[in-house]
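Chain lettering (A, B, C, D and E) follows the sequence in which the chains are written, and residue indices restart at 1 in each chain.
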Amino acid sequence: MGVACAADEMKLAVTTSFHNSGLSDVLLPEIKKDLGLEVQLLVVGTGQALRLGAAGDVDAILVHSKQAELDFVTQGNAPHRTEIMYNDFVLVGPSDDPAAVANAKHIVEALTAIKTASHPFVSRGDESGTHKKERALWHAANEDPTTFPSDWYMAVGAGMGASLNAASGMSAYILSDRASWLKFGNKGDLALLFAGDEALFNQYAYLPINAQTHPHVNDKAAHALENWLISDRAKDLINGYRLNGEVLFIFNAKP
Amino acid sequence: MSLSWVFSNAGSLNVEALTPKTVTMNDILQGLISAFHLIVTLDPDLIEISLRSLYVTTSAVAIAAVIGLPFGCWLAVRRFRFRRLTIAVLNALMGLPPVVVGLIVYLLLSRSGPFGVFGLLFTPTAMIIAQVVILTPLIASIAHQAIRDLWAEYHDLLISLNTTRGQRIRTLLWDGRRALLTAALAGFGRGIGEVGAIMIVGGNIDHVTRVLTTAIALETGKGEFALALGLGFVLILLAIAVNLVIHSLSKTEVSGRW
Amino acid sequence: MSLSWVFSNAGSLNVEALTPKTVTMNDILQGLISAFHLIVTLDPDLIEISLRSLYVTTSAVAIAAVIGLPFGCWLAVRRFRFRRLTIAVLNALMGLPPVVVGLIVYLLLSRSGPFGVFGLLFTPTAMIIAQVVILTPLIASIAHQAIRDLWAEYHDLLISLNTTRGQRIRTLLWDGRRALLTAALAGFGRGIGEVGAIMIVGGNIDHVTRVLTTAIALETGKGEFALALGLGFVLILLAIAVNLVIHSLSKTEVSGRW
Amino acid sequence: MVGSILPLSLHQVEVRKRGKRLLGPVSVAFPSDGFTMVMGPNGAGKSTLLKTIHGLERTAAGQIEWNAPQQVVRARQAFVFQSPVIMRRTTRENVAYPMIVRGMQKRAASELAQSWLERVGLADAAERRARVLSGGERQKMALARALITDPELLFLDEPCANLDGSATREIEHLLQTAHTSGIRVIMATHDIGQARRLATDVVFLHKGQVQEHTPAPEFFENPQSGPAKAYLNGDIVE
Amino acid sequence: MVGSILPLSLHQVEVRKRGKRLLGPVSVAFPSDGFTMVMGPNGAGKSTLLKTIHGLERTAAGQIEWNAPQQVVRARQAFVFQSPVIMRRTTRENVAYPMIVRGMQKRAASELAQSWLERVGLADAAERRARVLSGGERQKMALARALITDPELLFLDEPCANLDGSATREIEHLLQTAHTSGIRVIMATHDIGQARRLATDVVFLHKGQVQEHTPAPEFFENPQSGPAKAYLNGDIVE
């Protein structure tokens, strides 16, 4: 197992949805045990994580926004992109389900139902991976969310937790990643209404920062972590992580 | 929100093409450029959120002043047993963490909360309520400080004239208005730059509750640092303008020492 | 971070079983309970982040006071052409949006920024720097306000005694120390509750840069309101304790009116 | 007026600050009529005595007995302080203030204030901010502010210290008129000539103690106590 | 001392506040030696004249000429204000302050202050916060604070207004000694007896104008101007 770099430390920027899932609380102590590496998490928005990486202020990033990640690599900020695991997005809403999305056959139908009912819907509106996914889904439904009136389509421009808080306060529908939703402590009247569509697939990837442009980054630690994340050890931990009996993440790295 | 086009426009200097060392300085420069763009083009979104910022903060300052100024004054005038403790608590409440205030107001206004029926959550009114909670101790504390010295000066006369406590407070508020203005302006400053509480109770909803600070937080999260900075500069300019207008209206610094 | 166990402990009242109307009140109650738990069990994580909060804020207040108090005093003593503008700008800077300050400090301290070589980003030092930027105008402005009146009182004497400007400033700072203490305490309050800037430059890294406010923001994001509120109450208690200690050490409210 | 607040008497009154006794024990009676002069060297406690009777100092011991309930007593007195309290207003507003506090209309109070400013010779300064007044002008203003309420009992703490000769004479005339019209006056002064001209009786204080309380002619001709003798001679009072 | 800052002369000096002329145009010369008394009715501009010479008021017109460069001039004067400025310190610290400012060691300054407090008869009050001093005690403190710097030119604005008879006599004695030891004094007072005892010459002010500047004996025996005559008679000065 990896190179043991005693009492080493590195900084990893992650998105709120990853951190909120609680998986990091399981993984970090194990990484410390196995690699002697202390991973310091910076929990920020996707865009901010990419900026921190581009500036060389962190040693690696873990995000879920494929196109942005590819651009990041193209611009030379990271040598490569490694897919680690995925989870899925779920549609959450008021438990009495006024727009009847629970019966929808697929996510596009569910979203259309919400629009037809003009029932409050909270959008992250912050260019995060989740937001981009939501927008893509609307486009798949041939809708342009920028034209939606703000009396029901509410772009709250905030992180996952804050957006869920808003949805909970308003009894609104919202697209969330499963992990954040399960871990969320302020569910109020909300319930998970729709999930399982293939279109809701959510891939997380790890990108070490380019040590050529940023010689000060802890390249060794970043690579040690990468090797650990794609190892069987990580696979067991990730696949074994459960919340309320539910599996949250599925390991899909190709070692 | 159309603000982002400004960033793309201003971004015609290719950030990625620059050497790493200058990247962040370039961000600050671009922040200035985008602030300039936003202002000269009278960007309608900018105007909307700026006006909302002003509306929320001035309303909150007005309400907080109506509560905090007489209270601070009363504290200076009245001797009672737990005065010292009250003052220490008041000073400490200047440091009320906005996030906590936001949370409590959220819980109270939430649909399932005691005031849920009014449907105030995620409205500008909720933001005003949260800001009033934050600003009142601040304004009261600075007012108390200013009035305490004036009261020491007036003490003998006002007691001798057999004034009621209400008259004393009114007299001190009126004669100390110059110092109290600073208290109100401090409150305005604190309010206009505040984000933690209003983010939670307002929700930063586009065209409904988005204000300058929440927009800045949003752009920061997006990594759009230049636009965030641009909005920040607009906010600072706004605060300076308000201060200048108030100062020249009240002629505080002109009329010399009273 | 082990803080979450407290919530689970305190959460033995089953939230879901309660009717909606009482849910939020229950949150506040649980906040109080978890604050109590955290304190009586001397939770080591709580102690760690509380001490870090105190360290960051007191350092920032100390530095900001060393800069801001003499500057505010100097502004009161010195007449110059752009005095009014300077004061208006200073007042406006009280409202510096923390997020903007955080961003600028981030850009400066970033590896790609001019001071990147020092590797200060995401350290308590960076948080102190950001807070100094926020607190200095606040402290200077309140100090200016307080010293202005004292200067009006001392003006003739100090001019008559042919004091240098430095001597005047020192004399006013010393004789006005009671009022200046309020300025410093206002700074402390602002600093200890601040989250926007230190979140950006500190990064809220567990065991490295996590402080009370960033922990509160984190728990709020998780929807763990009771724990967030609990930490908030701890923060408020801390602020009250600091105020009481300072007040009784300085005997400000005891010694009557100087 | 429904009955007088006077006579007034002090029984073993003491004033202490930080454990130090500034005044007393003092027992002295003030009958309904008279122009009492409180005299004594610097720091003897004259101002303290006046303020104590007026209710501005907390007594550490003893009683002050009035002929009326406390609320009535408080409303029928006026005090001219040794260093006038200057409100951050114009001179006229300063003088009108006590009437405004008593519920008079602003306009009426302002007119009344103007007439009082004329009587103390300060009409010119009515619109000036009181802060810029000269030392003598401040004293005149304070006097007008006290007299405007038409008090039953008037305390004066060295009200002519900064006045020129003619102003002193006019103010003395004003005070004499006030006294004959029924106002009870208790005044502190160092001006022996003035005391002779105005006083009906003298309370002589020394080190916080009343040395004697004598009718004026007797006091000036033949003071009883040693300190009073020395004081009248302009000698150091031991 | 390296040469005197005196003589001093004013040429057409004017002081204006908000467009209103408070003083002047005043032309008057002060020779190196003397004890000049500035007299005139309340509001005549005495305090303004003293402060203007001392450099506390901005002149709107005219020049003030000294026999030394400005920096030297500023350092060799002291001023006792009509209402003493009380620093928020103890009495002794108040008196020591000017010496501390001049760079004296704290201990030495404190000892010197104590000796001056004794000379003005205020030794008892040394440890007291100056704020609690009585009116007369404040004036004594201000005097000690001015004399401690051993100035070449001393301004006194009604320094004995609140003093009792014996204190007045002692302070007069102190001033006389100071004068004979070479200190130039410019003083304002309303006490004609005091002016007679101390003055070598009198500047008589009225409505901001110098009416006359005459040697003292002449002034008191035979004042030239109408206003001065009225003033000395205690009549209203028109």
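In the analysis below, a contact is a pair of C-beta atoms (placed from the backbone, for glycine too) under 8 Å apart; a residue touches a chain by one contact, two chains touch by 3 or more.
Computed from a predicted structure; not experimentally measured.
Participant: Considering only chains that satisfy the touch condition with subunit D, which of them also satisfy it with subunit E?
Facilitator: Touching subunit D as well as subunit E, we find no chain at all.
Participant: Mind listing the chains that sit against subunit A and also against subunit C?
Facilitator: Common contact partners of subunit A and subunit C, which must touch each of the two, are B.
Participant: Greatest Cα-centroid separation from subunit D: which chain?
Facilitator: In terms of C-alpha centroids, the chain at the greatest distance from subunit D is A.
Participant: Greatest Cα-centroid separation from subunit E: which chain?
Facilitator: A
Participant: So what's the Cα centroid distance for subunit A and subunit B, whole Å?
Facilitator: 34
Participant: Return the distance between the CA-based centres of subunit B and subunit D, expressed in whole Å.
Facilitator: 49
Participant: Between subunit C and subunit D, what distance separates the C-alpha centroids? Give it in angstrom.
Facilitator: 50
Participant: Could you list which residues of subunit B touch at least two other chains?
Facilitator: Those would be 20, 23-24, 110-112, 200, 217, 220, 225, 257.
Participant: Do you know which subunit E residues sit against two or more other chains?
Facilitator: Residues: none.
Participant: What residues in subunit A touch two or more of the other chains?
Facilitator: 44, 54-56, 159, 162, 165, 168, 188-189, 214
Participant: Okay, what are all the chain pairs that touch?
Facilitator: All touching pairs, sorted by chain label, are A-B, A-C, B-C, B-D, C-E, D-E.
Participant: What residues of subunit E sit close enough to touch subunit C in their complex?
Facilitator: Counting only subunit E, the residues touching subunit C are 51, 54-56, 74-75, 77-79, 81, 85, 87-89, 97-98, 101, 129, 131, 149.
Participant: Can you list the subunit B residues touching subunit A in their complex?
Facilitator: 1, 16, 20, 23-24, 106, 109-112, 121-122, 199-200, 203-208, 210, 214-215, 217-218, 220-225
Participant: Within their complex, state which residues of subunit B touch subunit C.
Facilitator: 20-25, 27-28, 83-85, 87-89, 91-100, 102-104, 107-108, 110-114, 116, 138, 141-142, 145-146, 148-149, 152, 179, 182, 185-186, 188-193, 195-196, 200, 212-213, 216-217, 220, 225, 228-229, 232-233, 235-236, 239-240, 242-244, 247, 253-254, 257
Participant: Please output the residues of subunit A touching subunit B within their complex, sorted ascending.
Facilitator: Within the complex, subunit A touches subunit B at residues 44-51, 54-56, 75, 125-128, 150, 154-159, 162, 165-166, 168-171, 188-189, 213-214.
Participant: Residue numbers of subunit A touching subunit C in their complex, please.
Facilitator: 11, 16, 20, 25, 40-44, 54-57, 159-162, 164-165, 168, 183-189, 214, 216
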